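Here's a structure for you.
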Amino acid sequence: MELNDEVLIKAEREKVFLALNDPDILQKAIPGCELIEKLSADKYKATIVSKIGPLKIRFKGEATISESKFPSNYKITGEGRGGPAGHAKVVANVVLRKEESSTRLAYTVHADIGGKLAQLGGPLVEKTAQKLSANFFENLDTLLLANTPMETDDMIISSPDKTPSYWDKVSGISVVVAIGILAWAMLK
Amino acid sequence: MSQRKNDDWMGTPLPRKEDRRLLTGKGKYVSDIVIPGALHAVFVRSEYAHAKILSIDTSEAEELAGVERIYTGDQIKHLIKSMPQPIVQPALPAHYPTFWPLAVDKVTFHGEPVALVIARDKYVAEDAAELVFVDYEELEPVLDPEEALKPESAIIHEKDGTNEIFSMTFTGGDTEASQAKNAAEVEKIFQNAPIVVKDRFKTHRTGVTPMEPRAILCDWDDSDGLLAYITTQRPHIDRLALSDILDISAEKVQVIAPRDQGGGFGVKAPFYRENIIIAHAARDLKQPVRWVESRYESLMNVGQERDQINDMEIAADLEGNMLALRNFGLADNGVGTTGVYWGFVMPFLGAIELPNGYKWPKADIRLKVATTNKACLTPSRAFGHFPTRFAIERCIDMVAHKIGMEPSAFRRKNLVADLPYTSITNEYFDSGDFLKVWDTLMEKANLPDFRVQQKNALSEGKYIGIGFGCGVELSGVASELFVPMENQPGYGAATVRLDPRGKVQVFGGDAPGGQGHETTTAQVVASEFGISPEDVIITTGNTGSTPFGSGSVGARMGSYFISAVAEACRELKTKIAKFLAHDLQLEASVEHFEFKNGEVVYLGDDSQRSSFMSIVERIIMFPINMPEGETGGLDATTFFEAAKPMICFNADCCVVEVSLETGDFKILKWITAEDVGNVINPLIVNGQMHGAIVQGISNTVFEEFVYDEQGQQLTADFEHYKMANAADVPNIDLNYATTPCPHTPLGTRGIGEGRPSSVPGALTNAVCDALKPFEIEITTLPLRPDAIWQKIQDATQ
Amino acid sequence: MVAKVAININGRLFQEEVPERMLLVDFIRERAHLTGTHIGCTYEGVCGACTVHLDGEAVKSCMLLAAQADEHKVTTVEGLAPDGELTPLQEAFKSEHGLQCGFCTAGILMNMTDFLKRYPNPSEQEIREGLIGNLCRCTGYVHIINAVRKVVQENQSRKT
Amino acid sequence: MQAVKSRILRPAHVIDLQALSELKFVKAEKGLLTVGAMTRYVDIVSSDSIPLELIALKDAASRVGDRQVRNRGTLGGSLCWNYSAACTPAAVLALDGAMNLISPDGSTRQVAADDFFLGPLETARKEFEILLSVDFKLTDSKSGSAYKKWGLVTDALPVIGIAACLHFSNMDCCDYARITLTGLSGAQRCLGAEASLVSTSANTEQITEAMMIACSEISTYTDSIATEDYRYQLIKTIGLEVIETAKKRAFSLA
């Protein structure tokens, strides 16, 4: 399955990049995110309870950052497991482009879904994953508007070792996508 | 039940003996059999198509109350012999994969058994299966048979160093040199032929899904050994295989295929890995263990067949003579881990049967079979030749179109007219009259009338079309073919035992699944002895009481089994006549007596007679004053083997109307002609034909096993794997043009197994005929509205 | 996790403690020991082999919890001919060879018994559509439809 | 139940509302048809109270699954589950039904179909709210409705299902149209198609044009049963048939 989309976020590129890598912001933007936890320098895990209509599914995911270039792009490989429901493997490329004072975020996601997820979710997965991504960015946009610019700037300035810290945080997005697909795949 | 004239029950539409219990819910299928204390087994199956097993954590599952034991591949691989074992291995050269009942080291298809949970309650067993955590490392899945054979492909069974499990050339003799010479000769014909059609014919993965999934119930006793109730078409083979693989001395293994089985269609013919581990568990735990397959598991693991690509070429002349046939087949074998068939045995037979009932002066027929990370092909009615028959019947229409000839006339011109005949792939056609069958069909089809209707319809904007197809079907499988193909004998075996009250017990080692063996056998026995079918009881499928039989496969009932029954009856009749002549002081033997109306009557003087019961009682109970050299008792076991393989022949015609707007089509008529040999019970024969044809339609149009690019099987329930329902299929107009088989004692033929194979060609030909104004030729199955609509779009834009 | 249920099956009352999640079909097969009702699919409820009557109407017993049948009347195939005499529909299935392996037959009989009560004079197309909830692999449906039609014809000729 | 049996949905408790006979009814009065939430498909199909203008509801209910399913399945169950390829939500959306919901505190509220169906499996029903019934307004103008679907096997879940409801002031003037679609991602309206039909006579050409607009507003997909393009073709052909049927019914021609 391939997902491609772009969104315009009303914030500067650096801020968006950092926000996408900020576990606090991510936790707020991802509906039902219970936990984002660091396992190693480039490995993270997250637990998300997805509630779709009457379905409530707890998913556990792990993500690895393989490429990251501040503030323009990064690549994440994520794997999520929804217990007996199945699994998903996701590779996401995110590119951030400056557009005046806003940021154009383009993402491409390749996802392989397995187990009952794939069998029952069918082609709905794609449509619904799109919808989930849209919700996520909507939330992100709202959160960024509510955030004071200083806080994000502070993070940049105070970070002693820039690159790893981005890496630390970047994982969030892949988890969002992986878990989102898992959850929405169950919509049947 | 009324008494018939002469007590000849042959050809009588007798309601079945089986029906009363089945209509009142008293049938006993494996899952209905209760052994107190039986534990329930649930398999943990692979979520991946191809992956290394890094670890299996069963600790949480084991703690669940009610869980008795959890097995993994690592635990059992030293206790159970690996496959293959000779008893379930054909005598064909192939790369047979090594495997155990549970995956060891890696998984090779989505749905492969990885662990087995045994619990006291089936709901708990399912809970526990969810708590078995398997850590996998994904490997590249091999999913396309063409890619699989390329040198750069990942290898599924590493020890073989190739994914080519089997390959063979079926024409041109046994040596490479003679085959190459033949190929060159065929090539020369193609270079000079005025008409050549070449195309690629693809048949999707589909098959037959019995309504009863697989099941096994095993009990163990240290002194008596293993008792296994199995949904199986071949209990005797299963018995030997379980004995060999589990190292249980053969006399301590009894397998019972209950007389009630919810359909087989080939799906219950292989020897399955699940049976090994369930039997092992019963022995290990010394408790009964039951496994009942869910439909989910069934659709993930079995019933998947067809799945072939046939690159076919036909050369013909302008007068409509077939000159040569060339076919390079490629079958997608799946993973190949299924005993007896290993996937490739079906395409092997499909290639042999490819030439169908036509005279081919020359042919070059080859087959390659590739292992992939999908479920292993399992036999499904029309074993292996559903795809090759689709290809040839479709290709023949395309050739006829090119010549400008009616496809039906082209067929008739090239059908084998004189039998016996040996086909270009060395398949022996023993008897029959293909032209009589064909002419019967054409008379009913009334083609000239149809062409007028078609023209009129077209002027009203309606697209109707007519399609034809035919098929030679194996009537049982002679040892000559069965030994190399499946390493098993082809003979039919039956024990007929008379009791002192004049009743008859028949024992057969095959194991039916709805074909009505009890009724048909009773009719034959009743006809032979001149008694009522009610007086006959049939036992099948119990290895403890029946003679060895290779199973209910390949239309063996009407050919081999029933012939053995008839011969056993005749053997007993000879003995009865001898005793009666002796008692009546007549110089007479069996041909001087008539068995009718419950009596044995001397033909020379009908006052000289005995009731059937008294003479039988006398021989069994009062063995004194006997003919010289005789002993008492009436019990005969016979083994029937025909000198050569036997066949039957059938032909289909269907009429469809296609919607240009949606590509959807409706089958307006389905007409057939059948040579089934002498008929024992027309109800049963009709039922076999209806079922086979509708299966063929359902396979052609609706059913498809779908794998995604990762090898995930997406059609594991009946909502996604779409079987035709009653509103989707037509009525069927059956017509018979029979010729008695000269090689069976009753003139009967085995029928029904191969019957679906002419369906996909006939149906697709009809759709193409309807769309002839657009010159549409369909070469890929399934035959779906979206694909037809797309073809119409492509042709009109 | 345990529910107490009282289900009348074929005129016999079964009062049992069952796991809440127990399906009605499992209750019928394992508690009432009536194994004529079969299971042919996993979760999808498509095949119809488990069809029984709930208060006289055909339903799929694999799609109901046993608890949902509490204090209701269930009839299974074993209850169609309690006195041993086959119903006209059962007789017609026999004479028209409307069954082969018999695994799906109980469900078909239960569905068609209810169907004929509601539609005493159906066309062939209506019978076919009435059968959509029952998959059969053996018969191609032809003889099943003939059997149902036979009962319809018998009923009609009795009326006239 | 499929979701429960496949262990995807794991409810702690199941409450069977079938016992509430108060929720099983079809009644027409004062320009309003009300259908109780626990009214089964079979009851809808056999009800004499459903007027011709709302017949799309019968069209949909009569083709859900199979007889056994229709003997058990309910309108409310289908609406609240709102499965992506369900039949009745599309019909209810086309007929502009209004959902009457009750909360545990006894308060009730009404939600229009447009606001109720939020996407596959998602509705405006809050946790612990129960759907009591659905109201359909009857109109004085000539009106007709229809629903039809296509699946590979007869009466399967729709690959594409379309419902339409049209009101006419006369034969040449359609003054109200609602067209809905199911099979892709739950019940959805074809707003552009609806708008294009209003003030036309809804003849074959205009309907064809409207369905072209519907296709331009919707994205379909390819799976093993139907290609993306074929789904568009189904939208066009079924749409034409459904809308023409609705029109004929409005003038009692069918």
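A few remarks follow.
Here the chain labels run A, B, C and D in written order, and each chain numbers its own residues starting at 1.
Rule of thumb we're sticking to: contacts are C-beta pairs under 8 Å (C-beta built on N, C-alpha and C of every residue); 3 or more make two chains touch, one makes a residue touch a chain.
Only a predicted model underlies this, so the values are computations on that prediction, with no experimental measurement involved.
Using CA-based centroids throughout, the chain positioned farthest away from chain C is A. Rounded to whole angstrom units, the spacing between the C-alpha centres of chain B and chain D is 45. Mean C-alpha position of chain A lies 52 Å from that of chain B. One inter-chain figure worth recording: chain A and chain D are separated by 35 Å, centre to centre, where each centre is the mean of the chain's CA atoms.
One finds 29 Å separating the Cα centroids of chain B and chain C.
Touching two or more other chains at once are residues 84, 122 of chain A. Chain B has residues 130, 714-717, 719, 723, 725, 727 in contact with two or more other chains. Touching two or more other chains at once are residues 2, 6-7, 66, 154-155 of chain D. Contacting chain pairs (ordered by label): A-B, A-D, B-C, B-D, C-D. By the touch criterion stated above, chain D contacts chain C in their complex at residues 1-2, 5-6, 13-14, 16, 18, 42, 65-69, 71-72, 154-155. Residues 126, 130, 661-664, 702, 704, 706, 714-715, 719, 722-725, 727-728, 784-786, 789-790, 793 of chain B are the ones touching chain D in the complex.
Residues 20, 23, 42-45, 48, 51, 54, 57-60, 62-65, 67-68, 111, 114-115, 129-130, 132-134 of chain C are the ones that touch chain D when the two sit in their complex. If you check the complex, the residues on chain D that touch chain A are 3, 6-9, 81-84, 119-123, 184-185, 219, 221-223.
Per the touch definition, chain A reaches chain B in the complex via residues 83-84, 86-87, 89, 112-115, 118-119, 122.
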